[in-house]
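I've put the structures underneath this note.
Heads up, the next two complexes both have subunit A, just with different partners, subunit B and then subunit C.
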Partner chain A sequence: MTVEEQIREIVARITHVDKGIITRESTFKDIKADSLDIVQALVAVEETFEIEIPDEEAQKFKNFGDFVSYVEDRVAQEGKV
Partner chain B sequence: MAQNGRVRVAVDAMGGDYAPEEVVKGAVLAAQRDDVEIFLVGSTDILERELAKCKFSANGSSIHIVEASEVIKENESPVDVIRQKSNCSVAVAAKMVKSGEADALVSAGSSAAAAVSAIQFMGMLDGISRPAIVGSLGSFAPGTVMVDLGANADCKPQHFLTFAIVGSVYAKKFLGISNPKIGLLNTGSEETKGSEIGREAYSLLKNSGLNFVGNIEGNDILNGKANVIVCSGFVGNVLLKFYESIAGHAKDWTTNKLKKYPPLNVLVKLLFDGLFPATKISGESEKRGGGILWGVDGVAKIAHGASRAPQIANAIESAKEAVKAEVVESLKSELAKFNQGG
Partner chain C sequence: MSFEGKVALVTGGGRGIGQAIALKLASQGADIIINFFRHRESAEKTAKDIEALGVKAETIRANVGDPAKIDEMFDMIGNKFGRLDILINNAASGVGRPVMDVDVKAWEWTMDINARACLLCAQKAAKLMEGRGGKIVSISSLGSPFVLPNYSIVGISKAALEALTRYLAIELAPRGICVNAVAASAVETEALKFYFKEGLVKDNRQVTPAGRMVIPEDVANVVAFLCSEEAFMIRGQTIIVDGGTSVGPFTLVSKES
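Presenting the complex of A and B:
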């Protein structure tokens, strides 16, 4: 499973939405994620990929695609795939 | 637990309307009357000064100070700030539970900050989508609990299912009810009543395998129609505070009405200070010192923001009891059964 697919599954599970509706353009608002959902999603992604996502980086994510790109870069940098 | 068998409680010393002064006094009170080891988490300088005011020293006693340099300011969103300030007192206390340095967390600070800290640093149990606060309704309805009492203002339908599972475990473990009846608080008993979220929650609960008895209206809360009443944290918190206020207001109202008949004041006092069940609700709530945040992987006690020293001491004692009663292990075990369809 790709990094994007894994993150999509995590976000869908936490926000209780069908993963099919989450596109790279989707914002957290689009999928009705509240602040606790976002915290849970960040924590789950950090644990899954064994990385730490600084809050200043997380605040730059405008949509799901930004989130995925950031994690893909970090995972590649740290040689975790 | 500590090697000496004492329960170790990490107290968010900077959280609460009267923190740190009343929190420190409460910790001292708890240490004097109870066999607990307390870690006051916050600014070392401030906490040493407060302990000195209580003529208490952290050296060699059952109270220790753990430095947490950052503070959540009033105008900051607790949800955002926990990730930015992971060295604030409530976050450090939650990390201590996660690392095994403490057995429980107590905080009278922002419930949202405590919930986020617990989610982020202690983690959620499998099968739980949101932590929730559960509370018994006491004497008027001794066989009834409500979930959520304030941890989640906004809820999705799936959160109500989590609340029902958590409430069911609570009712089994603490009220001895083998197959608790679950009710969804709503504006009518029919399946089609209420908001869209409520109707979706109804459908999930109906198909959950839990003993769901349908919607419960406000006038059914106290009559035992359900053992577990599920509602959003917003509704639960408003309802709880209203409920706890009834005895005091009823006493004032009756005293005022009967002031022309002084002999009856003795009866009023007896009725409302001793017999009226709602009086006991407030008393029990104060005795417990707040509610446990259920669903996170550890004991997290959320005390009222306005807690003074006695309530803080009660919250510490109650956290200790929750650790000894292995409430988290009970929930894990029940969740495992539920997840397997049992």
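Presenting the complex of A and C:
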């Protein structure tokens, strides 16, 4: 499973939405994710990929695609895949 | 008041009230372990500021809402320091909602971090204090005794923390461990900016009898006192630091009106 697919599954599980509706353009608002959903998604992704996502970086994510791109970059940098 | 030779763990010690407590205890000679979760940069900066005071500082990343991470944190403290003299349960989180909108997820998240973590950290800390005594101080808020708008679950978690403080104070007294809590009204921190933005807290500068908002150092001073031998006979109490706001609720009108 790709990084994007794994993150999509995590976000869908936490927000209780069908993963099919989460596209790279989806905002957290689009999928009705509240601040707790976002924090829980960040924590779950951090644990899955063994990375840290500082709040300052997370606040820059405008949509799901930004989130995925950030994690892909971090995973590549740290040679996790 | 000196904490020379003491080892203190401050959960959520990288920012705001926790940071002020960490710096205050360090200024009195304690070596400090700063637990952080989402804000590494500020934790590492605080550690540098503490080292500049001539004492040791360590940072440990751990989500205190996760029991396994608490275990790992205390294993590390045990291995590295072999003891603990002071535990400050300061880390907190929460979801700002009216009580009727609190769901299981919000309840568990908030209670796990604000209440359960205090229990688990105290249990682990008491073992590292065995035979030497120690001090445990937890940070509460006025949302426990009073109703604040959209603060329900956080206030409830703080009520649990205060009750836990009383039980721990009695049950750990025979082991020479003093347990207390400090409850502050709205404190000028980064977290408060969020609460202002969300409309959860109103600017109370105009209505605080002491004439200004509570700052983190106000809380840190009281925490440090409770960690000192001078406070030996204070047990299981929650000391309120609010500039007089809670004792005069009917005087809470703007000075301009």
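Just so it is clear, the second predicted complex is superposed on the first by the 81 of 81 C-alpha atoms of A that agree within 3 Å, B and C clash if a C-alpha of one lies under 4 Å from a C-alpha of the other, contacts with A are read in each partner's own complex, and residues count from 1 in each chain.
As a working rule, a contact is a pair of C-beta atoms (placed from the backbone, for glycine too) under 8 Å apart; a residue touches a chain by one contact, two chains touch by 3 or more.
What you see is a predicted model; the values in this text were computed from it and never measured.
Colleague: Look at A:Ser35 in the shared chain and tell me whether it touches subunit B only, subunit C only, both, or neither; answer first, second, both or neither.
Modeller: both
Colleague: Identify the partner contact of A:Asp55: answer first if only subunit B is touched, second if only subunit C is, both if each is, neither if none is.
Modeller: After superposition on chain A, A:Asp55 lies in contact with both partners, subunit B and subunit C.
Colleague: Regarding the shared-chain residue A:Met1, is it in contact with subunit B (first), subunit C (second), both, or neither?
Modeller: neither
Colleague: Under the contact rule defined above, give the subunit A residues that sit at the interface with subunit B and also at the interface with subunit C.
Modeller: Subunit A residues touching both partners: 34-36, 39-40, 42-43, 55-56.
Colleague: Considering the complex alone, what residue numbers of subunit C touch subunit A?
Modeller: 38-41, 61, 63, 93, 95, 105-106, 109
Colleague: For subunit A, which residues count as touching subunit C in their complex?
Modeller: Within the complex, subunit A contacts subunit C at residues 34-36, 39-40, 42-43, 52, 54-56.
Colleague: Which of the residues in subunit B end up touching subunit A in this complex?
Modeller: 77, 79-80, 82-84, 115-116, 119-120, 123-124, 129-130, 152, 154, 156-158
Colleague: Where on subunit A does subunit B make contact in their complex?
Modeller: 14-16, 32, 34-36, 39-40, 42-43, 55-56, 58
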